[in-house]
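In the two complexes below, subunit A is the common chain; its partner is subunit B in one and subunit C in the other.
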Partner chain A sequence: MTILSDKDRDAIVELLNIAFGRAAASLSELTGKRVILEVPQVTLCSIDQVGEVFSGLTADEVVTVQQIFTGPVAGDALLMLDVPGARHLCSLLTDSGVLPPHIGESEREVLTEVGNILLNACLGTFGNMLDISISFSVPWLRMEAVRGLLESLVIDNQELRYALVVSTDFSLKDGAVGGFLVLVLGVASLERLLAAVEAMK
Partner chain B sequence: MNAGGGIVGVDRLLAGTQLCEYLGIGLMVLDRRLRIVLWNRWMTEHTGLQPDDVLGRPLAQVFPELRQRGRLNHFAAALAGEAQVLSARLHKYLVRLPAAYAGEHGEHMWQTARLLPLREGDDVTGVVVLIEDVTERHHRERELLELVQRVETSKEEIARSERRFRGVFETTSDLMAVLDGGGTIHIANPTAQKRLGGPGADLVGSNLLGLVGDPQGRELVREALAQVVATKEGSRSLEAWFNPPAGEEILLEVSLQPLPGQVGENAVLFQGHDLTEKRKMEAALRAAEEQFWLSQKADAVALLAGGVAHDFNNMLSIILGFTELTLQSLPEDDPNRPNLDEIKQAATRAGEITSQLLAFTGRRPGERQPLEIAPLVRTAAELVSRSLPEGVKLEEDVGDDVGLVLADRAQLEQVVVNLCLNAAAALGSKQEGIVRISVERCQVGDEEAGRQGVAPGPYFRLCVANNGESLDDEAIKRFFDPYYDPRLKGRGRNLGLAASHGIVKSHGGFSTVSSLDGAGYAVCAYLPVYEGAALPQEREAERSRGGTERILVVDDEPVLARLHKEVLASLGYRVSVALGPQEALRMVESEPDGFDLMVLDMSMPGMTGDVLAMNIRRLVGDVPVILCTGYSERITAGKLEDMQVNAYLTKPIRAKELARTVRMVLDQVSTKAGEAGIV
Partner chain C sequence: MARVLIVDDSALSRRLLRAIVEVDGHEVFEATDGLSALEQYYLQRPAVVFLDLIMAGMKGIEVLAKLRELDPQARVIVATADIQKSSVALAQEAGAAAYVTKPFDRDTVLATLREQLAEVAHPKESE
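On to the complex of A and B.
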């Protein structure tokens, strides 16, 4: 976890703040509510250590919106929320004001769109700022245990993978929901990303 | 259906077009300039636009509202390579279409849309647009949400009502508890704990049935509880006395109702409303009403008794008078004398009964004179001994010379008789019952005198004891209550004792009752000792003295008038009779100096005796008057003087008494006249 230098981390946080600003603006416009997205913390770790980072999640089961991105920097981008947080976020963003009893079809779509907006913003901003072309797939949502999720990220990849784990806080007038933005990268992609960040300075 | 053969990537997509035609979703493919190159059957069905109408046309031309709503940005983003998901919840729809499924809310089709970049290598060559109709799902979810909302609201309401209930539960003055089906108390409010538990004894865990005071009430509560548990609906109410381990018995209006979900399926809510005070007040009110009613009744009875006694006395006067007259005229050895003696005795007794009745009603004027108490008590005891039941023995312990009381002889005799009869009645059917009568002197100290409301000093204690059953506290407390008789257990009346009590009180004394250690009880009458001299006893043998004065007898009862005339005429008086006040006035008017004495009946129609006396005096000046009265509350010793009546006689009037009084009054008048120098 010490791979990331302070300078690199600062540079990445700066990038992310730009991306989050864009995403928050999209969400605000979409929902008519003032949405603020903040980046409290950025951690880089190897994939087998990532479980410790997620230990702060309140539930075993998590809701993830995932997108695969390809290009010079390739990997998986995920928005992770615990189930209570996901339900809370839905009720904050929609007009119902009522906590949905479960994550239903509509909630899944809303969360998918929110994840899509956030991930698009991040990846798009990364691509633009680093002047690299990144294409990304249609996002999908799934609900599963943290352990299963992590395993699916490791499987089929012989390459040592790293996770850039970004804590996120969705703040709305009526409350705040915390989650994680996770970029899972192979070591080669990570090196390219860091090099690009380095070059940006 | 497609005009995009030239668009890179579309061909590949078209391989699935046939499938897309029949998918239940809308499919459009746009080129980089957002012109429609593919339009599937779903789109035709939901827009009414044929492929020929739209293919090759810019999307914003076919759906102008896209521009207004800023949705074209999503297409631009898709062309930039970012797949877009537009959720129905946040966007409602991508393009406005009428809803196939309108539902009760539906005005437009709710859609989830996906805009996917169409790629060829690194290049994005167009946008695939997928539209899914989620109207039905949306409304279903909305209904679900509303349901959830209602549930949340009702949860809040339940919480509120629970808070309210708890408030009531904690503060109500009613007793409340939650029981299980067997009556065991699981929850109790502070009032129930206080009233049924008492300090240090936790009510929770004890059984309600065990707190019910009597077996009958317990059975009622048990039955009601079983019924509520069995039916699980409605509530049962009943009243029962409860006997808490500490504190007094309380009467509760009990309500039991099912309370499923609390302490098991058979839980029951117990509510108890305290009726003890209310019931006490009701009882007091009833007693007061009864007392009032009884006193009203007593007044009525007194009035009636007074009236009856008046008529009765008149008749007794006649019987006695004529019997005495006849006796006087018969030789000593006449065989009819004993018969007439019997009549005389019976009439005398009847007169005593009438006077008892009048004493009870408080309307008999007493004639007080100094009397030797010992012979009086002995005489009365002798009288009563004849009417005691067989097997009851009367014992006497009366000293020979115990002294004088200032009393009405008849009344005092009545006291002795009543006390003896009461004592005998207390013996019931007891074998070897003894009534013991005693008289002794005693000293009543300041303390006792204060308590009894009499003057301290020497008293006679006249005690009548029996060896029957003892009295309980209640019986002692109410012993002289005219409406209470311990022997009759409230069914009868206690007039004799109450009359005695009244007589003793009117003589400046008091009565007590006490249970005796062995058995029975003693009633004692305390009468003040008279320190003055005794009157010379009238000798029975004394012949009545007569005279020759002129007497007017006025009585509306002709037989009585004739009787009085015959008695007085037989003694030598010159007697005239008037059968009413008006006739009397006429006679006096026509002969103002014609009479030396008036003997007037008190109650006559039109004018009472005392008024007649005044009227006569107005006509003829100061003529002596003797008033004859059976019952008259208007005559008391004090009033006698006011009315200027010289003497009065109480009916039934015996011949001897009449003769003596007439002579006495005439003698007094002539003495006064002599003193004044008038002849």
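On to the complex of A and C.
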């Protein structure tokens, strides 16, 4: 199992700070609101423990936009929002500005595109900084408890053993929308990531 | 006024882009996937196409290649959330005229569109 040194962890956190920062800037441009971003958290854990990590991030049912990415570094990227926050975000992005009573078809469509923009901003920055090319799947949205997400995680198309879970939580300045950006990488990608970070130094 | 085709599987992005493009009074057509994009291009013969890259079914880069096959003079502005330099290079190799990223900046989109329309009206000698 790869152990993250403090130096590696610091380099990854800095890289993700920049990548998540670009995603936050995109969200700010979309909503016209200032976005507050926390320092990314990096957790290396066995795949069995990923559920516990996620459960610690959010509770109950969440709206998740998920995108698989492939290339030298591959894994799953997730935007996770609680349901009230997702509804509020939709109201900021529609002409009427009315808070939708529930997440219907048009709200799902809006949130999927928001996820697409944020996840691409994050991973695209990541790819640019490491000078690697990443391909993206079409994003999809799901609403369910966090544990249900685990069944759909694809990590390197290999036996899932360990995962690097990196997350940051963000909120709009008025506090009405908060959520998490999460990347889950398998060990093979983690090693390639560390090699790319090393080459960047 | 020009005819502009917007190809994107997201209604949100089509709506936002349409609102920007209509500022200059252009006639906008929409397609939600690659196949309908090719059909709309054939029917409407737009001066400029805005094309998303990440779409279900036919990927944007394939649509770009098909459009250029259909019409080597097709002016395609890639309009995508993918901000990677490698994706910009890939799109350029496939014949994209320009590349704008989401979320759309009104001034950047309009400047890019005006530049492309100016080149349609006054093509460079090398083209």
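Here is the rule we use: the second predicted complex is superposed on the first by the 159 of 201 C-alpha atoms of A that agree within 3 Å, B and C clash if a C-alpha of one lies under 4 Å from a C-alpha of the other, contacts with A are read in each partner's own complex, and residues count from 1 in each chain.
The rule is short, and it goes like this: a residue touches a chain if its C-beta (ideal position, glycine included) is under 8 Å from a C-beta of that chain, and two chains touch if they have at least 3 such contacts.
Values in this document were obtained by computation on a predicted structure and should not be read as measured data.
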item: Subunit B versus subunit C as contact partner of A:Arg22, first or second or both or neither; value: second
item: Touching partner for A:Ser133 - first (subunit B), second (subunit C), both, neither; value: both
item: Which superposed partner A:Leu81 touches (first subunit B, second subunit C, both, neither); value: neither
item: Touched partner set for A:Thr112, first subunit B, second subunit C, both or neither; value: both
item: Which of subunit B and subunit C A:Thr125 touches, first, second, both or neither; value: second
item: Which of subunit B and subunit C A:Leu193 touches, first, second, both or neither; value: neither
item: Contacts of A:Leu30 with subunit B and subunit C, given as first, second, both or neither; value: both
item: First, second, both or neither for A:Pro100, with subunit B first and subunit C second; value: first
item: Common interface positions of subunit A, toward subunit B and toward subunit C; value: 30, 93, 106, 109-110, 112-113, 116, 120, 124, 133-134, 136, 138-139
item: Parts of subunit B lying in touch with subunit A, wherever the complex brings them together; value: 77, 80-91, 112, 114, 116-117, 119, 122, 134, 137-138, 141, 144-145, 148-149, 152
item: Subunit C-touching residues of subunit A, taken from the complex the two chains share; value: 22, 26, 29-30, 93, 106, 109-110, 112-114, 116-117, 119-121, 124-125, 127-128, 132-134, 136, 138-139
item: Partner subunit A, residues of subunit C touching it in the complex; value: 9-13, 54-56, 80-87, 102-103, 105
item: Subunit B contact footprint on subunit A (complex, rising order); value: 30-31, 67, 90, 93-94, 96, 98-101, 104-107, 109-110, 112-113, 116, 120, 123-124, 133-139
